[in-house]
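Can you read through this structure? Questions will come right after.
Letters A, B and C name the chains as they come in the text, with residue numbers starting at 1 for each one.
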Amino acid sequence: MTHTKNSVTYSLGLLAGVTMAFSASAEELTIATVNNADMITMQELAPKWEEATGNTINWVVLEENVLRQRTTTDIATGGGSFDIMFIGAYETPIWGAKGWLTALDDFADDADYDFEDIFGLVRNGLSANGSVYAVPLYSETSFTYYRTDIFEKAGIEVPTEQITYEQFAEMAAAAHDPDNGIYGTCQRGKAGWGENMAFVGPLANAFGARWFDMDWNPQLDSEEWNAAVTYYVDLVNKYGPPGASANGHNENRALFKDGKCATWVDATSAAGDVRNPETSKVADVTDFFKAPKQVTDKGTGWFWSWALAIPASSKKTDVAKDFLKWATSKEYFEMVGETKGWVAVPSGTRQSVHEDPRYLEAAPFAETIKNAILSVDPSDPTLEPVPYTGVQFVAIEEFQGIGNYVGQQIAAALAGQATVEEALANSQRFAVREMTKAGYIK
Amino acid sequence: MARAVSKNRKTLNTVIAGTLGFLMFFPIVWIVVVSLKTEEDAIRAPLEILFSSGWTLESFGAVQARSDYFKHFSNSVIISLGSTFLGLLIAIPAAWAMAFVPAKRTKDVLMWMLSTKMLPPVGVLIPIYLIFRDTGLLDSRLGLTFVLMMINLPIIIWMLYTYFREIPGEILEAARMDGASLRDEVIYVLTPMAIPGMASTILLNIILSWNEAFWTLNLTAAKAAPLTAFIASFSSPEGLFYAKLSAASVMAIAPILIMGWFSQKQLVRGLTFGAVK
Amino acid sequence: MATKASRSAARLMISPAVILLLCWMIVPLAMTIYFSFLRYNLLQPGNSPFVGWENYYWFFTDPSFSAAMINTLVLVGGVLAITTIGGILFALLLDQPMWGQGVIRIMVIAPFFVMPTVSGLVWKNMFMNPVNGIFGHLTQALGFAPIDFFGQIPMASIIFIVSWQWLPFATLILLTAFQSLDQEQLEAAEMDGASWVSRFWFIMLPHLARAITVVILIQTIFLLSIFAEILVTTNGGPGVATTNLTYLIYVSSLLQYDVGIGSAGGVVAIILANIVAFFLMRMIGKNLDA
């Protein structure tokens, strides 16, 4: 134990020494970040980097939707307000290809950093035109969280194979016990392409739906979409907590950790937090199985990665790169393990972390998560052929607008402000309009 | 005579008004209460929160650790005071001239100024953003001070105008008759009479700038971010967050609330925009 | 009274304010109008061809547009109605003799000092959250199902929050007006046997006219561009149930990054605001001149 700590301190000191040589004068970095648990941890640990290097960090912590708006505005106008941004697997390739981000290819030359240690799938997801534009803090797919105690009490059999959404609804029904403050299932309802659509997208894939056909014609008024969204509205309204249309990932995570949900299909990256007795009431009684399928098992688990990138407009690229290396280094993950407990280490990033016995012992689910992430294929996400890549998103820049709009419409259907048919008809009209404007549809 | 009412009636009035007043005030009381609880206690039923849980300051510590309160606080102070005084500097001569040397167009000019206040800020955000980027004013206190000064300028001018107009012209003339120079006139006659109105104007504008949440959020990142941005970072939960949200809220509104209470007499007068004597 | 010299001095004194406001209005406005004729997407910089009226066409045919217009009217109208009527009642009450009036007035005025983001967040999370909020606990204790405020009655919830913030303002102005009411006139009317209603209608209300005008004018200015409360509570949803014009423009230009359409919306909003301003100004002009 003490030995590890020493070695951590030692490597940090080494890292710091290298940094000192790099930057003679202290710099001030501005980092835009989302208020997820892993980023908050980084914020808590960052003073160590600040002390070691003499640089200081201004954190701009924002809610996910707002973060996207602020970072996109800033980078698209070259505002230069931020030196480092947390962005995801959707933005990185698009922005990288536009030259808005600083390429990080020289990270590969740093033997200590061991770039190859980062999962290839993740690296590819954060690359464009053969260059890497962001380094991951964690990556994730989606799977089902469930409460072992509730399942046992309600006599629900824990599935060993991938179940269908139909079977999933039956489970939620059996576990639903609102009088005792237990809801059958918690799912995202808050509008946003990265919020409710992250759940609805893979659900639609499972029902055999797709965003566009091979000629980029939107397919939102198809029977498959209707079936998927009808199922979703029905499921959440019947077995979800009240106010579900306002709940995003963080709200559901809080509900689940508070013991209010029997099931929850969401990001694997929350597993460490939910299984951490320090932060969760249900750490001992939570387990996982695959996200359900329906008519197909293609694209039923999403792929996402939260990563750090440097806007091309930053004037402090060298210091920013140094922080990036520190914040995604092996030593960083080790430090999280030592200070926050190994169960809280961000998952799905480094091979070495997933092989570390301390991590595997504290997080026995890690292997499942790794295999789930590595099995996602964003280039073949749907039953019928599509011209795009991406599971829960479509990797074109118009998608943000369309996804947000469709998300709003589906949230309206969920809240009973519109019927599923109306919501999808509006969505279809909007998508056709946007794709026409963008020149995809002639 | 007719105002002399029975004691019972007075008690009844007090009870009704007190209850309604307390209901209006309750949300603020509540965030103070919750800010002094642990996160686990903060989501319990209201009565349990009040009576069966301990008190702690840990949420304030947690908030400060996450986000530097004093930096945001000083930005708020600088920006709201700066914009108010800059605004006064420009508004006083204008309001003065309009009140004491009215021309045919004065009314129209005044109304036009007020109408600029109705432009939806979001409609011009991108142009302003681009201008700020090119002039290096993004995320700067100077830029924000200027913007807030501009959006409040019409209100400042209008308020001052209504106060200046209340100063009777005869007094000025009497002073002039007595041989007072313009300088004496300004220092000894006008200023004392204008001070209450100016105080109200200053107060209201500090409040409006302190609470402005569109420009302050969209034009700042870190360096110039005031308390509106501070609170925005606690807007969505990472786990339980009611106590932290409450603590951050208390920290954000307390300074202005206290200032408002201490100066409420002047403020009330200011709020009426001279329309009510 | 005013000499020629003092006229020109006056003009000199007004000019900084006028020039600044003119620039503040015209420069961004000109840019907004210019952008509104371009196909200008933030995500595709460097490629902004002139497209004529296309953006206006897209903005007006946006399925959200008519909803946003109606929502704006409902929001402004709803808050104005609640705060004006509520303010009159509150002021009437506070004008009665009672103990501790100062303390009560301090409590009533307090919400006005709370920043919109804070009030939105506090109401949303600590009161209206159906699971952990106070209202949720209350309804459950009474044996009802909790109300999902922002799902079932989103617009009413927003109106409620905004009214909470602005009711103190209306109350204070109207209270000050009440306090300057000529008591003798009221007493004389009472002696003549006028009922309370007719006293209220024929003496008090006319006396309040100027104060009510100010309340409506000032509030309309601020209510037309309500943004923060919507952003932190509903994000304009569910669907477009709480999207007002301001929020719709925000969505177009900053969530869909379509500055062209957003600018077209901005121009439309500016024109509408000016129409509203025109009528309000006429109303004010009549009432304030006295």
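Going forward, a contact is a pair of C-beta atoms (placed from the backbone, for glycine too) under 8 Å apart; a residue touches a chain by one contact, two chains touch by 3 or more.
Given the structure is predicted, the values throughout are model-derived calculations rather than measurements.
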| note | Greatest Cα-centre separation from chain B belongs to chain A
| message | Per the definition at the top, count C-beta pairs in contact and tell me whether B-C or A-B has more. | response | B-C
| remark: Note: chain C sits from chain A at a C-alpha centroid distance in Å of 38
| Centroid distance [mean C-alpha coordinates] between chain C and chain B, Å | 16
| field | Euclidean distance of C-alpha centroids - chain A vs chain B, Å | value | 40
| remark: Going by residue number, chain C touches two or more other chains at 42, 254
| Interface hub residues of chain B, defined as touching at least two other chains | 43, 126, 130, 232, 235, 241
| field | Shared interface positions of chain A, touching two or more other chains | value | 66, 73, 77
| field | Touching residues (chain side chain B, partner chain C) in the complex | value | 1-3, 5, 9-11, 13-14, 16-18, 20-22, 24-25, 27-28, 30-31, 34, 43, 45-46, 90-91, 93-94, 96-98, 100-103, 107, 109, 111, 113-128, 130-131, 150, 153-154, 157, 169, 207, 210-211, 213-214, 217, 227-228, 231-232, 234-235, 241-242, 245-246, 249, 252-253, 256-257, 260-261, 264, 268-269, 271-273, 275-277
| Can you list the residues on chain B that touch chain A in the complex? | 43, 65-67, 126, 129-130, 133, 138-139, 218, 221-223, 225, 229, 232-233, 235-241
| message | Going by the contact rule set out above, which residues of chain C touch chain B in the complex? | response | 1-2, 6-7, 9-11, 13-14, 16-18, 20-21, 24-25, 27-29, 31-32, 35, 42, 90, 93-94, 96-101, 103-119, 121-123, 125-127, 132, 134, 137-138, 141, 164, 167-169, 172-173, 176-177, 180, 183, 186-187, 190, 210-211, 213-214, 218, 220-221, 224-225, 227-228, 232, 245-247, 249-250, 253-254, 259, 262-263, 265-267, 269-270, 273-274, 276-278, 281, 284-285, 288
| remark: Interface with chain C, chain A side, in the complex: residues 65-66, 69, 72-73, 76-77, 94, 190-192, 241-246, 255, 260, 397, 400-401, 404-405, 408-409, 411-418, 423, 426, 429-430, 433-434, 437
| message | List the residues on chain A that touch chain B in their complex, please. | response | 30, 32, 35-37, 40, 43-44, 58-64, 66, 70, 73-74, 77-82, 248, 250-251, 253-254, 257-258, 273, 279
